[in-house]
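Okay, structure first, notes after.
Chain lettering (A, B, C and D) follows the sequence in which the chains are written, and residue indices restart at 1 in each chain.
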Amino acid sequence: MQLGIIGLGRMGGNIARRLMLNGHTTVVYDRNEAFVKGLSEEGATGVADLKALVAGLQKPRAVWVMLPAGDPTENTINELSDLLDHGDVIIDGGNTNYKDDVRRAKALSEKGLHYVDVGTSGGVWGLERGYCMMIGGDAATVQRLDPIFASLAPGLGSIPRTKDRSAAADPRAEHGYIHAGPAGSGHFVKMIHNGIEYGMMQAFAEGFDILKTKNSENLAEDQRFDLNVADIAEVWRRGSVVSSWLLDLTADALATDPKLEGYSGSVADSGEGRWTIEAAMEQAVPVPVLSTSLFARFRSRQQSTYGDKMLSAMRFGFGGHVETSKK
Amino acid sequence: MQLGIIGLGRMGGNIARRLMLNGHTTVVYDRNEAFVKGLSEEGATGVADLKALVAGLQKPRAVWVMLPAGDPTENTINELSDLLDHGDVIIDGGNTNYKDDVRRAKALSEKGLHYVDVGTSGGVWGLERGYCMMIGGDAATVQRLDPIFASLAPGLGSIPRTKDRSAAADPRAEHGYIHAGPAGSGHFVKMIHNGIEYGMMQAFAEGFDILKTKNSENLAEDQRFDLNVADIAEVWRRGSVVSSWLLDLTADALATDPKLEGYSGSVADSGEGRWTIEAAMEQAVPVPVLSTSLFARFRSRQQSTYGDKMLSAMRFGFGGHVETSKK
Amino acid sequence: MQLGIIGLGRMGGNIARRLMLNGHTTVVYDRNEAFVKGLSEEGATGVADLKALVAGLQKPRAVWVMLPAGDPTENTINELSDLLDHGDVIIDGGNTNYKDDVRRAKALSEKGLHYVDVGTSGGVWGLERGYCMMIGGDAATVQRLDPIFASLAPGLGSIPRTKDRSAAADPRAEHGYIHAGPAGSGHFVKMIHNGIEYGMMQAFAEGFDILKTKNSENLAEDQRFDLNVADIAEVWRRGSVVSSWLLDLTADALATDPKLEGYSGSVADSGEGRWTIEAAMEQAVPVPVLSTSLFARFRSRQQSTYGDKMLSAMRFGFGGHVETSKK
Amino acid sequence: MQLGIIGLGRMGGNIARRLMLNGHTTVVYDRNEAFVKGLSEEGATGVADLKALVAGLQKPRAVWVMLPAGDPTENTINELSDLLDHGDVIIDGGNTNYKDDVRRAKALSEKGLHYVDVGTSGGVWGLERGYCMMIGGDAATVQRLDPIFASLAPGLGSIPRTKDRSAAADPRAEHGYIHAGPAGSGHFVKMIHNGIEYGMMQAFAEGFDILKTKNSENLAEDQRFDLNVADIAEVWRRGSVVSSWLLDLTADALATDPKLEGYSGSVADSGEGRWTIEAAMEQAVPVPVLSTSLFARFRSRQQSTYGDKMLSAMRFGFGGHVETSKK
């Protein structure tokens, strides 16, 4: 089928490519003309503005917005909503806060427009492997877009099937996409996915930190092991309980740079990690691991904190203790 | 080759079976005669005591002890050390604290005996999939036992190979076992593996808790989503960043019991989780996620804590606040 | 001076009393007529509705709203804003989210009304000891209300003065109240105060839990101490680093009920704890202790969590482990 | 009465001074001759070695060892145990691990010597205010030493008495010292005290960090407050729930250096914090706040961790994300 795509960065561009590989046609726009030109050469219909994009699509239109969450997405959807007609659908495939989805879906529905939010996982690997998608919106619209989702998803592939999965269960899940519920639920599920991801990453990070420092000079010599972290990551990929895609990536990284000297260790976080904590607080769910993982990232970006200095100041106050040096 | 095996529970019995399937011969003992009888019928040489086990093995002998860590393992190894001869090797495949390995290896070496510690992951799946093994001990002894380890390990299988892995790297890691270093290092690496496992499990647990309670009556009606957690686990197995063996198991469990009503949520912990925190403290490594995951298990086994009561008491003291009910 | 007070619960009623004890006059309202009647008998001018309250005050009026945060406060302030005149001031002494203060102050200022937010600590002890107050609003208005704040505050009392405190520093802080900054800043500082309080309480709770369970039957007999927690709390009040008001309250509680059998341990939380974490996330400040303290309260209110059940399910999946019992 | 004191550093020297001020006599030794000379000039009997110290004391002797925990204390006690006679008592006033106390008390008792462990809080303030002491040992010996403890303790002072404290309760607690139980229990209680202290300090540190960064340039201008942290610490000392000695010290520090520019924020930890976590693990007590506080100190001493670099490496692997800069 035909899809309009706005935003041709790494994610949007590859989504267009994977769709075209699967026989769909795309009308594409990006404010960066070079991106439009590049995809046009790969078979897309490139356009110069939103108006042209809308004009290039047959009704009922479907437009996939793949832009940074917040103002860029919001403004584009607002502009689109004035150009589209009754029955058209706007798909937000970015990392939008699900509360914005709920609000938008309601506002757009008053104009007769449909709104679908798609949480999309897969990163730079999606073009090749397919995208894991969590979709929110009304059932009929999600169904209408099924050819798009089916093509973007990884499909059954070679992954072993879950035992005891009911024959009555939604078959889409096994193909790598689900209709999670009404508008907002797609991004909600993706948000929690990212929250979990933070926790898993931090678990690996802490564990490998212990492995690496087991050879530290601070330990007595007979307490040290000089462990090969690249081999450890590799062996854990083979039959251990922690085998996972994140471990595969870790093994990749350690194979070429076991000391990870190419990284400073300043770790960014995106909105989903924070929103996950907010959701947990709204629901009174204890999430000490997800929150601690987020805070480890905050901490990683600072040389020292005001809080740490206050600890030193208190220690000096009650005991005259002077600071140790950074090791 | 020939291997003596002591302890024929779920792990030890399956290790014997996998070895026999691969053409090795085993001499087996368990204090439970039925276990010995059962394996004898599958081709093993069953014996009635340690003395007979030692007598049934050719020098240099290799005896794999697969017993609960602590006294059962310690006592058995002590007894064995009096029966074995110079050049024989004792393998501890259980969940021993690595500090005990270091101590034992030293003591046994004074008697001319070798000691190898094997951290073994794979659980009930090992017979079929193979065991992921982290091995500590002197290189020559580990090399001598290679036919055993090669047969127990999963092998290359269908798992994609790590890109950029050096041709010079130890090929054993890709086959699912490593020689981690001197005695103790095998169990040390396995210990950290389990510590990481706790963290990953807790990350999933917290995330799914938010998903499940998003339909709670405590939320305003327009804030709720009635999410299908079985489908969510399934879809995440397909191309998402959190895909992992633990997620596969989660999908299995949710496919038949999405409310997890078959579980009370009282979660045990084994020594490795605690020892991981001890190691982190010895090395001054911050491990807030691994420790928090352990503490969540402690908490899961209590209806209420003395500490919680103290919070209530303080709140009553400064504000006259009375307790809320358990929801 | 003269003050209108709306909301005569434990806090509002005692604020009126402390003001009258210090020679101020109050015009008071509560939807509960008994509260109004009671305070009238103590010297206040009781009124039957907001209109009468406004009519009973001289311009420029000052009205202190002491109601639950959220709708009760919001609705009352909205109603008041229609009754008051240019130059009057509304004081919100409750536990309002500071973002609501910022919004309200702006809206009220467009009507020529002043808005002051007062974070008030002191609980049931305030009548006797005075209230510690953190005040937000424009400087002139805060100054105009100084007689009120000075009377409500504890004053210098017998608390030793901070050494090296600059003579140029604002003298109000030493008397137990500060002008923190513009509208919202009072409640912001009080919010952080409560966040810290959660952390301190949890620190005591965890420590006393270890003391109490040091006599547990799960420990080997020669590892146990039968400690007197009431005596421990008492002795720590005398020269130790953890001496604090919270410890005083703990000592009070333990003096009569050392096993804390009067409490179930189901611990409520109020908005401030959650908002503190939100603020930390907005500012990218790592707050693992404050968040963990909040989550311990969430956990205290549940018998078991869905997350814990999931841990059990995963353990069963990979190892066939069956659950331990709740102890 | 008469007391031998070994170790005349800040703590040991002031203990000697406070005892002499209260009419006791002391025989003192330190390997630093200047310390011995200094105290001799203040009235103590200085000696040149342990032998002379023992010779200078009347039977039954009492010797207070005030040295760093570990080898210095262990070696000194071993040496003393050969010099002392049946019925003499060794007091360890340092920061010894309580498990060492249990072991030592047993060994010394076989020689007819008594052993008393004293957890001592009060830091540099003890000379003036008195020391809060938690004492382990057999009751008769602790009773025999009561004149020493009574003189070192703060006494009732001006601290308000706990309401409802039973008349039958041990009066020593109100004077600032307790007999906690058998040998080891004194240091056990002190250990938990320090664990709690870490948690309280971290709670303050995190809270003030949010206050301080509320004026950060990363926030939108209308979201900022420029708060006076010195005034906030001061006002909280006056009637708020977080009033405490640690807050007093914080107020002291902030009064002269509100930006805490004199500190780098590299925070040491001593054994007690770590041993508290070990005890919690032995007793299966969840202590997420105490552990997290310890780990924050570990983290404070590093510019970046291997774990953080691994997070960056994983992020790069799955999404091509490049690191942010340290802010």
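A few points about this structure:
Going forward, a contact is a pair of C-beta atoms (placed from the backbone, for glycine too) under 8 Å apart; a residue touches a chain by one contact, two chains touch by 3 or more.
In UniProt terms, the chains line up like this: A, B, C, D = 6-phosphogluconate dehydrogenase YqeC.
Because the structure is predicted, anything quoted here is derived from the model rather than measured.
Listed here as common contacts of chain A and chain B: C, D. The minimum number of touch steps separating chain B from chain D is 1. Put simply, the chain farthest from chain B by mean CA position is C.
Two chain pairs are in question, A-D and A-C; the one with more C-beta pairs in contact is A-D. Of all residue numbers that take part in the contact between chain C and chain D, over half occur on both sides, making this a same-residue interface. Computed from the mean C-alpha positions, the centre of chain A lies at a distance of 47 Å from the centre of chain D. Centre-to-centre spacing of chain C and chain D amounts to 31 Å, using the average Cα coordinate of each chain. Between chain A and chain C, the centres computed from C-alpha atoms are 39 Å apart.
Shared interface positions of chain C, defined as residues touching 2 or more other chains, are 123, 125, 202, 204, 206, 208-209, 213, 241, 245-246, 252, 284-288, 292, 295-296, 299, 301, 305, 307, 318. Interface of chain C with chain A (complex): residues 241, 274, 277-278, 281, 284-288, 291-292, 294-296, 298-299, 301, 305, 307, 318.
Residue ranges on chain A touching chain D, taken from their complex, read 10, 123-125, 201-202, 204-206, 208-209, 212-213, 245-246, 249-250, 252-254, 257, 260, 262-268, 288, 292, 296-297, 299-321, 323-327. Against chain C, the residues of chain D that register as touching in their complex are 102, 121-123, 125-126, 129-134, 153-154, 157-160, 162-166, 169-170, 172-178, 180-182, 184-185, 188-189, 192-200, 202-204, 206-211, 213-214, 216, 218-219, 222-223, 225-228, 230-232, 234-248, 251-252, 255-256, 276, 279-280, 282-290, 292-293, 295-296.
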